[in-house]
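Once you scroll down, you'll see the structures, which are given as structure tokens.
Two complexes come next, and they have one chain in common, subunit A, joined by subunit B in the first and subunit C in the second.
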Partner chain A sequence: MKALDGVTLTIGDSETVAIVGENGAGKTTLVRHMTGLLKPTEGRVLVDGEDVREKSTAELSRKIGVAFQNPDHQLFSESVEEEIAFGLRNFGFEDGVVRQRIGWALNFFGLEEYRRSSPLTLSGGEKKRLTLACILSWDPSVVVLDEPTVGQDAIQKEKLAEIIRMLRSTGKTIVLVSHDIEFLWPIQPRVVVMSSGRVIDDGPAARVMLSEERLASARVSQPQLVSFYSALKERPGSPFADVHEARRWLSGRLR
Partner chain B sequence: MYWLASGFIFRRTDSPFHRLDPRVRLLVSVELFAVSLMSRTIPELAGVIAFMLAVSAVARVLKRVTRTMLLTATFAAFIFAVNIVFTRQVSTSALYAARFVAIVVSTSIFFITTSPDELEQVMKYFHLPRDIVFAFVTAVRFIPVLMLDAMSIMDAQKSRGLELEKGGIVSRVRKMIPVLIPLVVNSVVRSGELAEAMESRAYGAVPRPTSLYEYRTSARDRAVALASVVLFAAAAYSFYFVIPA
Partner chain C sequence: MGTILSVKGLSFRYPDAPRAAVDGFDMEVSEGEIVALAGPSGCGKSTLLRAINGLIPHMYSGDYVGDVLVDGVKVREASMKDLAQKVGFLFQNPENQIFMFSVERDVAFGLENLGVERSEMRGRVDEAMALLGITHLAGRAPHELSDGQKQRVALAGVIAMRPRLIILDEPTSLLDPMTARELVQLVDRLRREAGITFIVVEHRLDLLVRVADRLVVMNGGRKVMDGTPADVLSDSRAAGYGISVPAITRLEQLLVSEGLELQRRLLSPLELAEEVNRRL
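Coming up: the complex of A and B.
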């Protein structure tokens, strides 16, 4: 069985890309190829022009930071600051830089008060933020978030979206692997739809999310706002030119 | 890693061996284990291992048993080296190493052809205490889950710059700490959650709960059991009375 089949994908600098699709569509497998955790049996995966087969995951991780779905799968240190220092030391940063990066990461992710706490005592949302802090501490140019919203409540999701917007403004390339269409929609990423190991659609969210049939074939539902717009569009004299106009109108009403 | 470990993990397969009563499979496995201990020369052990591979082929698990042999070969090489140092006899050292491989393969055949449910029934048949049976079977059932957990954790730590494949033995062992701590913590948390889930589903409410499955031996099971006992007796007799040591 082929987990990925005929996938051709180029992700440019500073792009925000969401990979969506049902369970088993090949999303995580694709991301694992980007980081060298899996090596392709056919074809090539290039990161910054370098073939991932020639690099170890640790070497590739300097450029691509991956926050895995389950934070409990990576937290092990005695304190939050040591957890952040782990990756920095692996990459050979000097002590002064390690301290400076820890300070920045704790501050950026609002974890300063937990500096000396055990990572295992943090809440689910805090653990998630800590895993992101760990990865961003060494400033990778690409950040991959695998199912970032799993187990997160609405407020935590909002914080996460805010972090993604901030990362975007700093020019990072962001790859989001998620089922959570409602979370992805406001971010307006480039959306790659996967089904049975193949890419079946690729384009801006505003276009991809409108193709209901194609999304349905990948067992992905449309965002509520897009469904609302699509329903209105069918009626004669629809007041909206596009989905963005519908969003603006609805935002104004809700305000 | 998972490739090697799968040599010990049950996977549902349809084969004549799988269709036997699990108690008969246990009998065959115990007999193979015993003849592995009883064989006193390399040719005898080679014959026993060849027979085990034939059984594996019938059970359609030959590839996975080969993996088991590959994994145990590493330990066998260590046994061989230690014995060479202390006994200075190549044949004796080779015998001990090969015997180790045979013993592991004999038990592996039972475990990779027996589901945790069947294992539970076999243990109950021997009237082992229910709590012990449950704990043992649950541990077996969770081996693949723990393997997947371990791989996920290793992936996560490698993605934080941890080079698990580089360095000397001491350094590699030390590098396993970031893998082992989350694995143990997750396992403890999971076992607590499982205990609560079991209690909430009335585990222990009655001293003798009923069982969904009841195994009855068929004529084929009895024939295989009888044939295996005859073969075992013949092998034991030939090892001690026919073939000179």
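Coming up: the complex of A and C.
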């Protein structure tokens, strides 16, 4: 049985792409091909025009940082500091730069107090922040986040959304695999819908999220604001990206 | 409706921890309620759950003050065997809970451990599978099933023990949106048909708020908010406690503050659209 079946997908520089679909649709399998952890049985995967079969995972990781769903699969050092240093040293950064980047990462992700702690003592949410800190410290041009919001409270999710906005503004290419439709919606990414190993839709969030039936076939529900928008008897050209946009449009139109 | 759970002045500090994880917590839950429990990471939700199902103090020792009573029985004093029949627990990841060769055997597992008599066990297993809509999966191997199905198997195993209170710890976090919705509807149906009380820890409140009777918010080991979801979510403090107010609820609140009059609160997207359509 194929986990991926004839998937053709091109992600351009600086794009923000969300991959959604039912469990077992092939989302994580697809992501694993991006860093060469998996090689295709048929077809090719190219990163910056180069076939992943000709590159090592280490080389690909320099360009593509992946934060997997379960941080325990990715953390292994004695201390949080060491964990961040590991990747940086592997990629050949000088000591001075390593120290500086560690400082930035710990500060930005609010992990300074855990500098010397073992990653194992961190909470689930903190571990997720740590894996992200590690990846961003070496500044890859592509950042892949696999279910980044699982187990995160609203404050942490807001921080994550902020980080994604920041990455976008610095021109990074971002790939988000997520079930959290409500989290994805305000980001307005390009959305790729997968089901049973295939891509069944691909386009701007504002268009893709309107197709309720197609989404349902991939076990994806519509964002609340899109369902609301679709049921209005009068409405603007495209669905409200957030609550404020909805309110602004409705203000003055209601008796 | 009787009280099924009573938490009185509960404080618990893990060994070597600088602070109590739960600090002076009080809560009463009535039979048949669905209570949503939310709060920022590290607020003490997991510790509270463990104190309810007996893992604290039976598996985790520490400084324990106060009492937890389930169905009139003190958790501190009851055996894990007794507690297993009063409080069921569904893990976040069903893989951690199901491990037998067939669905049927898995559902029966807890009962076998208790030494329940064969004919009684058969009846309970069949009842649990029927309630969860998985009778047709009885002979299947659990590892072959979808995530949603696995979760139903795990839940059936819990229900076969006939606990009156079931705790679900972030049950939707690994599920796709439709399966997550189905799980919440299932919880509601079980409450109505079997009178089971549920405490659900959940970050993704958009799925749960219309079904929950109560939303209890924790912060720093304490209870900081407790009321109907409509009341708690319309309190401006909620966002400060890391509570995700659903988008449609936020829109509803904004429109109400601008003069929209509504008979009911916590409307669904379609319901709010209907109200708006009447005034467009």
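Heads up, the rule we're going with is that the second predicted complex is superposed on the first by the 232 of 255 C-alpha atoms of A that agree within 3 Å, B and C clash if a C-alpha of one lies under 4 Å from a C-alpha of the other, contacts with A are read in each partner's own complex, and residues count from 1 in each chain.
The working rule: contacts are C-beta pairs under 8 Å (C-beta built on N, C-alpha and C of every residue); 3 or more make two chains touch, one makes a residue touch a chain.
For clarity, every value in this text was computed on a predicted model and none was experimentally measured.
> If we overlay the two complexes on their shared chain A, which of subunit B and subunit C does A:Pro148 touch? Say first, second, both or neither.
Neither partner.
> With both complexes overlaid on chain A, does A:Leu37 touch subunit B (first), subunit C (second), both or neither?
Only subunit B is touched by A:Leu37; subunit C is not.
> Quick one: is A:Gly21 in contact with subunit B, with subunit C, with both, or with neither? Answer first, second, both or neither.
Only subunit C; A:Gly21 stays clear of subunit B.
> Is A:His179 contacted by the first partner subunit B, the second partner subunit C, both or neither?
The answer is second: A:His179 touches subunit C but not subunit B.
> Does subunit A have more residues touched by subunit B or by subunit C?
Touching more of subunit A: C.
> Output check: A:Leu120 vs subunit B and subunit C. Expected answer is one of first, second, both, neither. What do you get?
In the superposed model, A:Leu120 contacts subunit B only, not subunit C.
> After superposition on the shared chain, which partner residues are touched by A:Thr57: those of subunit B (first), subunit C (second), both, or neither?
first
> If you stack the two complexes on chain A, which partner ends up touching A:His73: first (subunit B), second (subunit C), both, or neither?
first
> Can you name the residues of subunit A that touch subunit C in the complex?
21-24, 123-126, 150-157, 179-182, 185, 216, 219-221, 223-225, 227-234, 242-243, 246-247, 250-251, 253-255
> Touching subunit A in the complex: which residues of subunit C?
38-42, 146-148, 170, 173-181, 203-204, 206, 239, 242-248, 250-251, 254-255, 258-260, 269-270, 272-274, 276-277, 279-280
> Under the touch definition given earlier, write down the residues of subunit B that touch subunit A in their complex.
149, 152-153, 155-163, 165, 177-178, 181-182, 185-186, 189
> Could you please specify the touching residues of subunit A with respect to subunit B in the complex?
The touching residues are 32, 35, 37, 56-58, 61-62, 64-66, 68, 70, 72-76, 86-87, 90-91, 120, 134-135, 138.
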